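Residue numbering begins at 1 within each chain, and the chains themselves are lettered A, B, C, D and E in the order written.
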């Protein structure tokens, strides 16, 4: 018996440098699960579908794979755009969409977004963690400070804006918005504006070539790199490796413990790479941000399937059952240890209202040759994020004619 | 004031970088009447070849990267571009003699697809660096005149110089040499050029190889700024308004167009952008080009469009 | 053969000058064209004959001078106005619509008369369709007249040169013009084809009374069919009169005819 | 070395054919059969006229010889073409120019954006000797003084006749031994037509350049040519010495416009009975 | 020998002016339409609808619109994606902001707004020509990209700039299933194609082609370039706008500005050129080519079980795709429609070679 899992990936196109290790991470974890005997004895049968980060192609993949081999247990689309497109189809198709660390921030609200699971954290989590770190550096007050957001001009890049606006109101800093048109190979005017307005900190919501270009421009305009905070997609080794010393001090926020290696990495090395079965070209990839992120995402999915299996007592599970699994995921510290992810993720528990679980993030800094974690764990401030999620989710519910579920009635 | 000068200088130097890309378009258009949409793909391909070989060669010879390994990598990349030029002529252009410009444009789009696939297939899809020792940190001039001085980016300055030299050499080549004249003849009328013994295939290989060389220079400069990755091919889009503003057929036009677009783009983004929500430079460049074209439909320096009855 | 009655001046050209940058294409040209006559313009290559026609029908704007057409004087016009006033022309270097069939090319000549709007045309109901058929019938008559029935649906780009010239003439005729300007209608034809062309021109002139202004290099043709001839050289008028006058004019012989004729 | 090759062997007798076309068939676009077996010979140092009405296939024949068909999506499907005994169907046009065969295309085809002088100079693309090029240029200017006065204007802005001269001059710049001349008289003033034919004759006599010319102006062509072929609908229907042809009754009637009693006025052709050949 | 028009004499100009003068063509066409409406729904799977049929129908419509501009009027446009986007966002806004707005009105309204947009961006064509114009139309593309992500009212103040359509229904018919979506789009396509065909074979179509082939001559016979060009932009943008509305509202359901980016514009231009400029059928051929080929390239290795990595396959796909485009251009620069025409001509003389 097999459990089918489709994997949307982008190994080509603009964002391939990120997509390739991400995809390899997912695959490596599936392989590891299989090598360890499968999910409760059920082997995973995975299939890749290339999206090239293109929404139309992603939708095509989704349509093609969703009903294959007894139904897919959910999609990790790896793209904000594809998530939007698929989220609208998901309720009709009864298909869970899980977007750890990306996607729609308000889909935390499981009453409205029954089928979406932004586990571990959203862009609001990331933005809030950055502000908290800055607050700490500034001794608790941002009154009169200026913070710039340099963002990829797309839905992805715009996600943190509502949160930052709320934070700006609360902390009394000025928020400067500087959109960069995709792909972002040319950012001279953006950085000249930064030079002109001299923000105290700059947050970077970048992707692909936009990241190294931004760091180079910061260097060329003499903007201190240690005042830049990038979202996790701008925090891979390959984003700054070529810049080396020039990027020293550059910060990024991470959902899991970047660069930390848990026992699971050793297991993958021993079970796969040492036997020549690894997905990436060499075991050097192990421990890199995007690869580990892929592993974490695959792990969450496998855990949701396992939860569903145990609840419904079947071997292969239907998408609806997996949805239940996602909604009742309880990743305890023991379980994390058992899986070999200790030090990488922290325990959390999802529920009908809360499809996120708990969001833990921390800051890592480039020391000239690698990323080092430099902060403690942060969690988004619920007094700010909570109302935002509620407001946006309710607005969406109205627009799409969704009656929010009554969670007290859900078992 | 100091900042304004900085913005102007920044704009002008960015403009020179655009001009470099634009030059590739102009070359091929001037010599064959083909609007080469594959220029961006050629930039990427050349840069990838250069980046990979400059990384591999020190490994093969067991030496540290130095000027001669870079030079060798550059020669290999140039050779690769000549081969590409030759193949393009052999397999595509030769069979499309005398077709409509738009069919040729589409063919170059096909070539772009092909190269976009081939490059990463051969060289991988990671981010690679090209380090030809371009200085990265800013320098400040006029520090006694303005507070904080005027910041100039040395890398841009070098790049602008290289662009200028290339343009000068190519202008002379077109106006003064036998081959230059033949190139212009081919652009006007493929058939007539053939009828008087101009071997189209040779001409085309030459132009495409030269355009490949320009692509290589472009690739090295942009690649050393942003790293060599897939998106590098998109710098070509930034050069399009430059090409039409300067005139499709004018080598000096590429420079002047580049300067105007670079400057207009940066100033508009910095001084106008905040009122419109930012991110306007992309379309503003086109609007600027359009404004000029309404006055001179063939671009500032382009050959006049001739229609007689 | 019965001669037509040649009427009053229909087209009067006064002191036309035309300059392109440094090239003075036309200098102070004046001549007139009478109703129903066949007026030829001759002159060496580059004399400015085509430019003259271009001035008349609004493709070029003369730098100086006036043109009076049926009592209305103008110094510059746009081509559409000229077309509406009933002036049609053919071109020296074929200016046909290469991608279209012969019928469609000639139908374009009827476009000024088409009244139904774009919506009616899209739906192609009632009046639009009837109008289309009416014009089609007219065009078929022209096709019969020019004897090109066999090529009605061929794209004109594929026709031999001589036939293209006829289609060009057909397109102009479809406008039912009062004045027809012909720019070297017989270039590149052999005798027989020239004879055909002459036949068409004479028939048009006689049967519809169309006034014709003709540029032609074949002196045989010019001498035989034109009523009066203007001679241009280097943008200047060097002769004007009946074919006989012109043939014996020394200036004309020197500048144009050469001694061989 | 192509240069040496292109210089014809002048000592050979005039009769040896420089060009021999044997039964060629040409198809356009894979479907339109235009030449249906055309054979002809051009003797070294001769002037041969190819006559025929519109659409007879004259241009196509010339294009087949100079191998310019490809760009028109046409191809030679049968027959052979030989230049001095060597098969040339698969030679590129540039090769042929190097061998001394050049075509002056119908409809001028000057390089619109180049000046007249640059147009002429492109003609010497296959030549390398600077002195020779300069001499050739002078020669062309002496043949066509009008070009000299317009040497710095862009070709597109010159009149039709000037462009025709430019096209011929440009071909002469290649130092040809065989010129394929397509409708040289089209659109030229009578004086210039005379001039052009004079020049042809002159070049032929003085420099032993061979000409194959396609013409509608039968009168002129037969006056200057040695030999003539008459084409109709893709076939050669008649050939012979120029004088013979000029004297032939049918030719007189159909191509020279002369009935039994001399030239007819164009005004009278209305009543003139024609045979309809269009539908042949 | 069976496919020929011999013996089918036309006794009136009306008969001669039919869209398909050859009777066999007429029957074939009727059969095809019947098959599309009745046959396909009997056979197709949901995936086939979503991945092939619906995109095909909508892209064919967009290509049809673009072909009017590029193929018939000779104005090359790289801004088609923008026209589609305008259609989509306008339709979306009509639907969300005005309660009870019928879907058809939304979609046609989208077309109408796109038409206005098209006319505005068509104005430069009065002066600028050829490739200059082509590049200049990119202004429309980048402007729309910017507007959609910057102006909040365009996306009805959605925080992230992505929007999703509401429920679709026409006269009480709820369009839910892929089959219903397909039939809805197909019906619109058929109507539009018929209207477009009427236009291009009528007076206005001749004006467009005249402007395309030789604008000076066109002006001399009294065609106003302003009217001809702008009407081509208007009609084209209208059709493209409707296609955009369908693409957004019916096919995607939810979309972000990138759905109508430059890539879309280039693809559509590809379609009309590979399909055949200046031919209604060309739009269909082109769209079919573009929908099927990448899919075939993706599925083929799967079917054959070739063990290549996703990335390698994807790059090979790119290369093959590029190579095939060049190949088709070489085989027939005038597009698949012309290839089809030549084939028919051969069929007409079959079994004789010429």
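Quick note on the criterion: contacts are C-beta pairs under 8 Å (C-beta built on N, C-alpha and C of every residue); 3 or more make two chains touch, one makes a residue touch a chain.
Here is each chain with its UniProt name: B, E = ABC transporter permease; C = ABC transporter; D = Branched-chain amino acid ABC transporter ATP-binding protein.
Keep in mind that what you see is a predicted model, and the values were worked out from it rather than measured.
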item: Chain-contact steps, minimal, separating chain E (ABC transporter permease) from chain D; value: 1
item: Lowest number of touching-chain links that must be crossed from chain A to chain D; value: 2
item: Whole-Å gap between the CA centroids of chain C (ABC transporter) and chain D; value: 29
item: Approximate Å spacing (C-alpha centroids) for the pair chain B (ABC transporter permease), chain C (ABC transporter); value: 48
item: Approximate Å spacing (C-alpha centroids) for the pair chain A, chain B (ABC transporter permease); value: 37
item: Between chain C (ABC transporter) and chain E (ABC transporter permease), centroid-to-centroid distance (C-alpha), Å; value: 41
item: For chain B (ABC transporter permease), residues contacting two or more additional chains; value: 120, 125, 277-279, 282, 308-309
item: Sites on chain A at which at least two other chains make contact; value: 11-12, 16, 20, 153, 179, 181
item: Residues of chain C (ABC transporter) engaged with two or more neighbouring chains; value: 50, 59, 91-93, 95
item: Residues of chain D that touch chain C (ABC transporter) when the two form their complex; value: 32, 51-56, 106-107, 146, 150, 153, 157-162, 164, 183, 186-194, 216-219, 254-257, 263-267, 269-270, 272, 274, 277-279
item: Chain D to chain E (ABC transporter permease) touching residues, read off their complex; value: 27, 29-31, 33
item: Sites on chain B (ABC transporter permease) touched by chain E (ABC transporter permease) in the complex; value: 29, 35, 91-92, 95-96, 99-103, 105-107, 109-118, 120-121, 125, 237, 240-241, 243-244, 248, 276-280, 282-283, 286-287, 289-290, 293-294, 297-299, 302, 305, 307, 309
item: Contact set on chain D toward chain B (ABC transporter permease) in their complex; value: 66, 68, 70-72, 92-94, 96-98, 102-105, 109-114, 118-119, 121-123, 125-126, 154, 156-157, 167, 170-171, 173-174
item: Sites on chain B (ABC transporter permease) touched by chain D in the complex; value: 97-98, 178, 181-182, 184-185, 187-202, 249, 303, 306, 308
